[in-house]
């Protein structure tokens, strides 16, 4: 049931270049596509500010091509579908920021993203680029137990890092401070994802995983990686009731905390469903005395047409609130400020 | 294949109220939910400006609850899934604008929306509300031949009307001028939609229509209404090549015209596919000498998880360009301006 | 069996119509699903349920008040084109019996004609367009015939219901001109119209109700 | 059969590896599909094709240049964890033969050990973790044994290939600790690792290529 074998593409091996070409043509005022296949901000940020680069597998749009722009990333290095780009391409991305204040390579923790970023930084150093650093980010409580946070993988909760770090780096010339800010957001963020259906890998044309009609998978990764386990399909309210308490317990989030809530649509969930899910989340949070500062319901990091969602909470203080509220203008994420 | 029987809801008859409750809770700075179940702008527009109301069936989110806010609608009257709200509720919506300069009831042309709006205006007049008018909007070239435009139905191309009319009414106190502006945008807009897959009606749990594995439907309505006809599934490029020429011929759009292009995701299409489709559209438009002023790729009016898209073009002059570029701040549509 | 229908009886008849539609909800949705969106049974059942609830709450209303309340409840609960049209049917009937304590057969004929005319004013459909009009219009003719022939009310309402049933059946041979089905053109041939069917079910419930001495 | 391998021969061997993987593309993707994302055959075939193209374009390169070019092409074409690791294998081999015109059996043993060490430096996997290391590590052992036993090159490469094949097969009994499959835990038991299989296919192609007097 449900995965969509029909895709509107031309040839599997042309998906990436054709997507980038179409995307860049649609938003010429926000981004440009370089000859090397990088998505770069049309108007560079102010001189002397830290450049933000992220390399990642494609197929998760709007992430990350849609997150390049004012108050967001300077450069995105899009890899093949679900495949991190190689080290040379990340080095090209570092150079493309043209930032004199240093470059932070952001890594959503997955083996491929991490190893390639490490290799890229080695290469960059060998080329004499010394003001580049990387930060490894993760949020998914299902992928490693508490106490082993650095083994966890990056999922949709990194939305908060990108948004807040993007706003921060817009005015910061301090590479160390940018890295510390990214880690602060990461360390205050926790996520858990679920899926109702699988999806089709657009290159292989094959199902990414199997999920029976009456089951859901809780603890899903952003590439269809299996989660903590299968469960029987339950109602929207019961799904939230299952997912929110472990998130709260993990940080832990406590009465009196202020949080921003993200419900990330993994693909073909509807805003109708997201709203119904959100309703139950607000009720549970109200019961625990946790205060919601802001919420964002929508698709940010998708896994093709997979039906599912990620629930993420970020605990915020005055600094993070201001960064969240700062204006942003990516092709597929705008914040009016 | 593909329609998603699994939905994250609680009870079919609670979808609408629970969705509205969750939605309004998520965006308290942008909207509020009234006791009558209306979505109303949190900060009313300036005194003496024309109020904009739209009633429509739900299930198309982000349309239209997500389009209430600054530079957009003042009030949305959400009906049951795929069902226009009754006349009393529309009258409540007219009153909720609290506009002294008059209220324009916007109708996306479908039998239910039209008849209910007509009845609502009769009722309003009977109650002594005399400064309310309605405007009927349509864009879908597949639903009636050229020369019989008023029989056509409203689809995703009305995006342009809402965006531009919203910006116009933000500063206009003239009801007649608002109606004329809406008609101007309508008369410069043409759309054609297609679907790859059907979807499940969230209340009945039934398939909305059937579509064989190797076919697509061109000329799809926003509620799964059949289109001009079935066609064999072809590539992204060939799909655009089939859809764009009839749109161009209908207005007709001519060399030298400037247009804004919308690719509306009907549900579970990916940004990846939209970008690949858009690429071909830019190539064909370049060949015809039509200039693209701006583009918007994304989900605006959906039909649950239906996989498909609408291609819409709006011919713009300096007035319409400025209105398109004006800032807007709805929960699910933002324009940075 | 009664030969006039007062306000309380109208309330009971509206309840009977609601029950009849609720009992056939899935059948009506199924009829709507091949050429429509499959929600007809669910939404009409819900709307008539609300109409029954609101009219029952009136206590001892006039026929006009009962029918008007039912119509308005249907319009605002059901929504869509069909909601306003089913509502218009009741509201048209209400207007034709305004200010009167009960309805005779000849009132019933006038009321059904007024209901039909209100449906057509709003919906613009004629006989043959494959809509509820194809059940309602022959029923109106049957009511008028019954008046001319001075049929007893019991016989009249059976003839009215039978005319509606045949009318609904006749829609199978029609190509839809209104509603969602119109976009299917010839593909709508062979299917019985959902709205015509539910109109016929409601009129049958009315006949049964009157026979059962509501 | 030759007993040293010069730069041109390395280019031919890289081409042979590419052909072998292209021929088994769907099989490799299928192996990757139950516990991974099913793209292994497609992406490795594409990457080795690019490596073959770029090394062929070098004309008459040194072994180091041929192998380094191949590694870099794989890393940047294939991407992901497996791309950088397959690339690291070639780049480790390249470094071990730097500045030399051709490779003897003892060079080959040192090169494969250097390739393995580079794969492990980047990927952190050990034997038993159900990765390409489980094919490569026994192959390195076989190469070292061949040196100790002074096996002729032809016999040595066959033993190396056979060790890799058995190593790949042994992954069926392992629980994945790396790659996407690790999230499946025990559910990964019973499936042969895709990367180990392709490593074994590449080493077999090397053996066949040398027998065929490239």
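Read from first to last, the chains carry the letters A, B, C and D; within each, the first residue is number 1.
Methods note: a residue touches a chain if its C-beta (ideal position, glycine included) is under 8 Å from a C-beta of that chain, and two chains touch if they have at least 3 such contacts.
For clarity, every value in this text was computed on a predicted model and none was experimentally measured.
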Using only Cα atoms to place each chain's centre, name the chain farthest from chain B.
D
Rounded to the nearest whole Å, what is the centre-to-centre distance of chain B and chain D, using the mean of the C-alpha atoms as each centre?
55
Suppose each chain is reduced to the average of its Cα coordinates; what separation in Å results between chain C and chain D?
77
Take the average of all CA coordinates in chain A, do the same for chain B, and state the distance between these two points in whole angstrom.
29
Check each residue of chain D and list the ones that touch at least two other chains.
none
Expected list for chain B, residues touching two or more other chains, is none
Touch graph across the chains, line, ring, star, complete or other?
line
Mind listing each pair of touching chains for me?
A-B, A-D, B-C
Within the complex, chain B is touched by chain A residues 1-10, 15, 18-23, 25-27, 58-59, 61-62, 66, 196-197, 202, 213, 216, 233, 235-237, 239, 261, 267-280, 282, 295-299, 302, 304-305, 307, 309, 327, 329, 332, 334-336
Mind pulling up the chain D residues that touch chain A in the complex?
29, 33, 37-39, 42-43, 46, 72, 75-85, 87, 122-123, 178-180, 183-184, 187
Which part of chain B faces chain C closely enough to touch in the complex?
12-13, 57, 79-89, 110-112, 115-116, 118-119, 143, 201, 203-204, 206-208, 221, 223-227
